[in-house]
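Okay, so chain A shows up in both of these, paired with chain B first and chain C after.
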Partner chain A sequence: MATRSTPRSTQQSSSAPRRAAVIGGNRIPFARANSTYSHASNQDMLTATLDGLVARFGLAGEQVGEVVAGAVLKHSRDFNLTRESVLGSSLAPTTPAYDVQQACGTGLEAAILVANKIALGQIDSGIAGGTDTASDAPIALNEGLRQTLLAANRAKTPVQRAKALTGLRPNQLVPSIPQNVEPRTGLSMGEHMAQTAKQWGVSREAQDEIAAASHQHLAAAYDRGFFDDLLTPFKGLTRDQNLRPDSSVEKLAKLNPVFGKGPDATMTAGNSTPLTDGAAAVLLGSDEWAAERGLPVLAHVVDAQTAAVDYVTGHEGLLMAPAYALPKLLERQGMKLQDFDLVEIHEAFASTVLCTLAAWESEEFCRDRLGLDAPIGELDRSKLNVNGSSLAAGHPFAATGGRIVASLAKALHEKGSGARGLISVCAAGGQGVMAILEAA
Partner chain B sequence: MPESTSRVLTESPSLAPLFVKAALTSRGRGGALPDTVLRREAVQVDRDHLLAYQRICRFTGTDVLPPTYPHVLGFPLQVSLMSGRDFPLPLPGLVHLENRIVVHRQLTADDRLDISVHAEQLASHPKGQVVDLVTEVDVAGQRVWEGRSTYLRRGRGGDDAAYREKAPALPDRPPAAVLRLPEDLGRRYAAVSGDVNPIHLHPLTAKAMGFPRAIAHGMWTYARTLAALGPKAVEPGESSVWFGKPVLLPNTVEVVVDPDASPLVAGLRSRKDASKVFLTLTLS
Partner chain C sequence: MAGVYAGFVSSPIGKKLATQLGLPRPVRLRRYAADAPLVDGPVLVAGLGSAPIAARVRDLLKAQDVDVVGEVAQGTKLGAVVVDLTEAATPADLEVLRSTVAPTLRSLRPSARVVVVGRDPRDADGFAQSAVRRSLEGITRSIGKELRAGATANLVLVRDGADGGVDSTVRFLLSGRSAYVDGQVIRVGEGTPAEPADWAEPLAGKVAVVTGAARGIGASIAEVLARDGATVVCVDVPSAGEALARTANKVGGTALQLDVTAADAGRRILEHAQSRHGGLDIVVHNAGITRDKLLANMDDSRWASVLSVNLESILRMNETLLGDNGIRDGGHVVLVSSIAGIAGNRGQTNYAASKAGVIGLVDAMSTDERLRKRGITVNAVAPGFIETEMTAKVPFATREVGRLLNSLSQGGLPIDVAETIAYFGQDASAAVNGNVVRVCGQSLLGA
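Let's look at the complex of A and B:
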């Protein structure tokens, strides 16, 4: 059972909105890019994930309030990706759906949106999720070719059209392939992170320790059957493909750095998240809705907060926004970081986790950047990512939020009623999404 | 009389040579049906092939086998049996008239399928002679899937031929969907299904067989119509299809559905001429 030193309101006043319940989740095992799911589309993976969730909770043919999901790497033909996936699933075709996109924060933001509508009484149930494929990625026309074809399309006479088409050039056949770089800086996320890691003096050893722990924790969670009711096999995979149960600091130490330059580069393929394909979804509802169906309530969504930083001018590191979201959450909830029983910090890179923790421990950072009188302080590492995180499981961008919400809700439930957990997800564009769950 | 035999094939027969063999040996056939049962055991689904099939028929690319997919796995056995010298009807020119599929339980790519094919019910028909090719699929000794393909050999019909169930009338409703079928559809589906019957491949090869243009594979039109009906079409159940006029390629066709009928009735008709019905199916 969770015990806490800080007083805070655990009872809702009668005027406060109801809290959305996390009932359960489902995901497909995550696959390394260009491997087992190479030919699976975002819609295939999201549909399979929804069908697994529906089967687990007996929702075949039923209408839920809303399904909210998204993908980061999304083809233009998938403008209605979530609705199309719902239509392909065994949910009632009368289930409304919409897409959201907030880079790697997509899945968590989707869960917050569904939870908020449930809290407001606008819906009684909903599914939040996300899917991403780095293998079946959309490839766009070369920009020059696109402009030429659009000009030809605008032409009113055959002569105008012919003239527009004289703009065609052989080099326009080279397509535009999506790249993992920030549009405004041209730097990859890894390069951005390498700058921040250097700034915070994060060591190679500390990063490798985070990575090894991620693999060991995830493997242990599989071994004790933790994922048995959180996962549906897909395309022959029954576990996350990136998982290396025998990973160790010694093995990780042998890898060469891939991000950053010079002898003090610390970020390797082992302590950075690989490109991955997969999908995840979470079932949320009001307590009444769950009770009517005899469904369990694992946890409630307590609060959420987003933040963004100015990374373009170099004022702050690209993936540091969650550090800024936390004080607002703590203040609103009357909590300290140390009050949480479990903390999930998405491992975009091991160094992301370490820089965020270092920032919260820094008196200077907390004073100058967060405007706090005292540092947020140290986190007991035994509460961190206890069932593994993205370094081991992989990170199909929009799917990560759903993976974390479902896993944390279950882990909190195992701890006992009242246990609280924090979720932190950094995202491209210098953004961060956070949420608090409390075991039912 | 042919001997009763059951043969287990260790791999799926290649279809093109069988079609050639059947064409070369098409003359002088007759007599009764062979007792042959052709089997393949513990067939493992090739996931890339499944996905290619799901893509071309527009099923979602999940692990669930579309109800028509086991037919594709069993089809080489059908052709193998029908191209055998002891089969009474010549394979070239056989018309796929009807098909019935019963899915006892939802199958996934993880199931190991025992597939067997035999022929039965050689009978006269108002337009010639018909025969049923029966495909049965077992998983771990349990019957999970059954398909019955009825083929017509055009010819002198039996006057006394009392034929079985007729196709229900296609509902007179606005289209539920419009499908634009490209000219190369037959070649693309042939590449996935292995059914390289020349009538589907190219206008010239189709002309040689008496069609003005290449025609779509019946089993593609069947599968594509089922896919248009959404997830209920891949649930366990039974569906029957009656093939009408051939779909000349390219073409634009309409899916028509009567969702209130029990069993559900759906079909494909011409976009230009609503009276031209390509197929009718029931699903329950």
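Let's look at the complex of A and C:
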């Protein structure tokens, strides 16, 4: 408490904003689509995830500054998804909440938003997260049927209404199902990635190595209890359903390509992320807020950067935006890629990771595209995705950011104070989100 | 909780039939409610000679505005009878007990209490005194079997010079908290009890850890400790995390997912309690598993896993939890034994080994000089037939028999076990050490 003799330092506002602390996280195990969580809605999963986080940190009945989360595949009824989840959770009903959406970058963007508000002193604590279900996906009315019904709704007389309804056609019974397709190119994300992979000459074997490592690292992390305080079981699932601890390059080599064409196709179901259901959340706060509650500070959010590329004209690959975000972060922080102790590159596809790494190693790319004098250089693979990533865990789009922030914060904390980690998440629409964490 | 039998004998036809045939008719037991009086009705308090405990109990009850009487008036129904036989020295002295209690037995309200108070036979001076002190146990247990309609009888043995420590035990036995505790002997010895500021929150400001808190009895323990004012760290295996989170959020505590058999379990629990909540006052070792098989068919993994979770983990965790930087001085450790650990049970050699071991642990820990110096108490509950998800899976006939083979003619509830544990956890129970109290409705098994 402030007293007359010792004025509070915060009254003399310092120029540098405070850094937001990553206190911990929680997620439910990720399930393969149309399996264990088929009947769980986004709200169910986000609520369960919040409740697990609340229990871990003793926040039942407490109000946190803000809860920010989102979903990529979202029902129209879920317009207030995060707030509704808060109301269904054990948090105080006076906790404000809002939804965000930046495709697969949603979860990380939510964490950045919360961290920034904490840094500015607008809130002292917040929860960032995301949820997605490919099983309980929103199926919309056929567009023709929708237009016909809206026309009938606009009609003022019964005759006009009857006339409008004559527009009904049997083929309008076919519903509109969400597709994993870029609206401006009509190509699926996998097809886009296949083009980029071919361009960078990424081999099948290198992709399978990334995939096998992801499974092996994730399994090892489970075995050593790494997820004991990062995860809460849901609907009987205690581990990520997609995890195959015995995965190997040899086994993955037997799979047939699913993206790309001809004998050169390299992308299989094994080195591409499967459709998944799940949710994740991270608890952030000021150091003071954490200390008042005896809560640990695992890491601080140091910086963040987004980027977008022109993939529509084919100038750049759909998922290459993170490659462009990195130099800005490095310059601002006065760092080299090699300075990071741990690096998390979201495995949308194994080839995404490999193309990004290849781009940073390429003198030509770094010069022509990033405007750098020298290439960013090689990353020591032993620092990459050390506790597994999306290929093994799965990738419920908006949940991935929360998964990575919490896991990386814990892994950095284990390395010791000052250890720095980089997060890279690519997103639909040619976007990328990056953030830097530093162990407390 | 009503079984099929209990439901039947509550129906009009069943009631008539049961009465005619002299069959037991379970009643709904009086349980703790925040707004309910300590005892339901006037309390007859009497005793032999100067009866020091009776005097104490009278004061205690009067302070609670309980009506205290010296004899049964015509037409009154008593809530409880407390008889102080601490000065009994010869068999002839027992006549006081007969002449005091006998006239009250037809004037008791449902869920009434008979509490007999005596001295510990271990402190007896001479053969006759030792014999007569032990007689009290036989009398009390017999009264328990004679009582009907949810009434119970228990014996409190007070060591010489320990009269000041008896209050929390008397309160517990008279209250609804001891609903399913019947025919038990509770010893009150040395220790400096601290009266709580508010008897409605006897654990206020305390930090408790409960292992196996996700479901069943463990979840109920967490709820009762929190109700009594404690901050509860709820521990269970990571795979039970979903239910554990529900418990933790319900009681406003924290969830700690860990396997109690892990080498560092004690350290992690202690770190969590100290960093999050500032210390540790109460440890409830509740986590337990069953892997039943007849010994003839028992494999080594069933054998080892039960002993590992139910006994070895406690020994290992206690090294840290009871270390110098562990639980606070004056803290309380409560273990969970089982009726199987006392009576044995077919198909449960491994489980009985672990639960009998728990009793051995209570004996040793409660007499350990180092722990006694620090004022740490160690007690255990031994649940009988308790209605849980686990017993709901027991075959129908076995379950119905299990429910009925006790003086209260019904199964107990998880909350009954939890209430006894919360009583052991009170600083007011500092003089209650080394007890194994069965929460079994005076089960016939192992009695």
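Criterion: the second predicted complex is superposed on the first by the 426 of 440 C-alpha atoms of A that agree within 3 Å, B and C clash if a C-alpha of one lies under 4 Å from a C-alpha of the other, contacts with A are read in each partner's own complex, and residues count from 1 in each chain.
One rule holds for everything that comes next: contacts are C-beta pairs under 8 Å (C-beta built on N, C-alpha and C of every residue); 3 or more make two chains touch, one makes a residue touch a chain.
From a predicted model like this one, the values you see are computed outputs, not experimental measurements.
Model built by superposing both complexes on chain A: chain B and chain C clash. In the superposition on chain A, contact is made by A:Ser41 with chain B only, not with chain C.
Legend: residue contacts after superposition of the two complexes on their common chain; A:Gln199 is shown touching neither chain B nor chain C. Applying the stated contact rule after C-alpha superposition, one finds that A:Ser417 touches neither chain B nor chain C. Using the contact criterion defined above for the overlaid structures, shared-chain residue A:Gly58 touches chain C, although it does not reach chain B. In the superposed model, A:Gln179 lies in contact with neither chain B nor chain C.
More residues of chain A are in touch with C than with the other of chain B and chain C. Of the two partner chains, both chain B and chain C are touched by A:Pro233. Shared-chain residue A:Arg293: touches chain C; no touch with chain B. Applying the stated contact rule after C-alpha superposition, one finds that A:Gln122 touches neither chain B nor chain C. In the superposed model, A:Pro93 makes contact with chain B only, not with chain C. Only one of the stretches 117-125, 207-215 or 225-233 belonging to chain B has C-alpha atoms clashing with chain C in the superposition, and it is 117-125. Taken together, the two complexes place residues 48, 51, 90, 233-235 of chain A in contact with chain B and also with chain C. Residues 234, 238-242, 244-246, 248-258, 262, 275-278 of chain C are the ones touching chain A in the complex. By the touch criterion stated above, chain A contacts chain B in their complex at residues 39-41, 43-44, 47-48, 51, 87-90, 93, 233-236. Chain B meets chain A in the complex at residues 47-48, 51, 60-64, 109-110, 230-231, 235. Every residue of chain A that touches chain C in the complex is listed here, in rising order: 48, 51-52, 54-58, 60-61, 90, 225, 227-229, 231-235, 238, 293-296.
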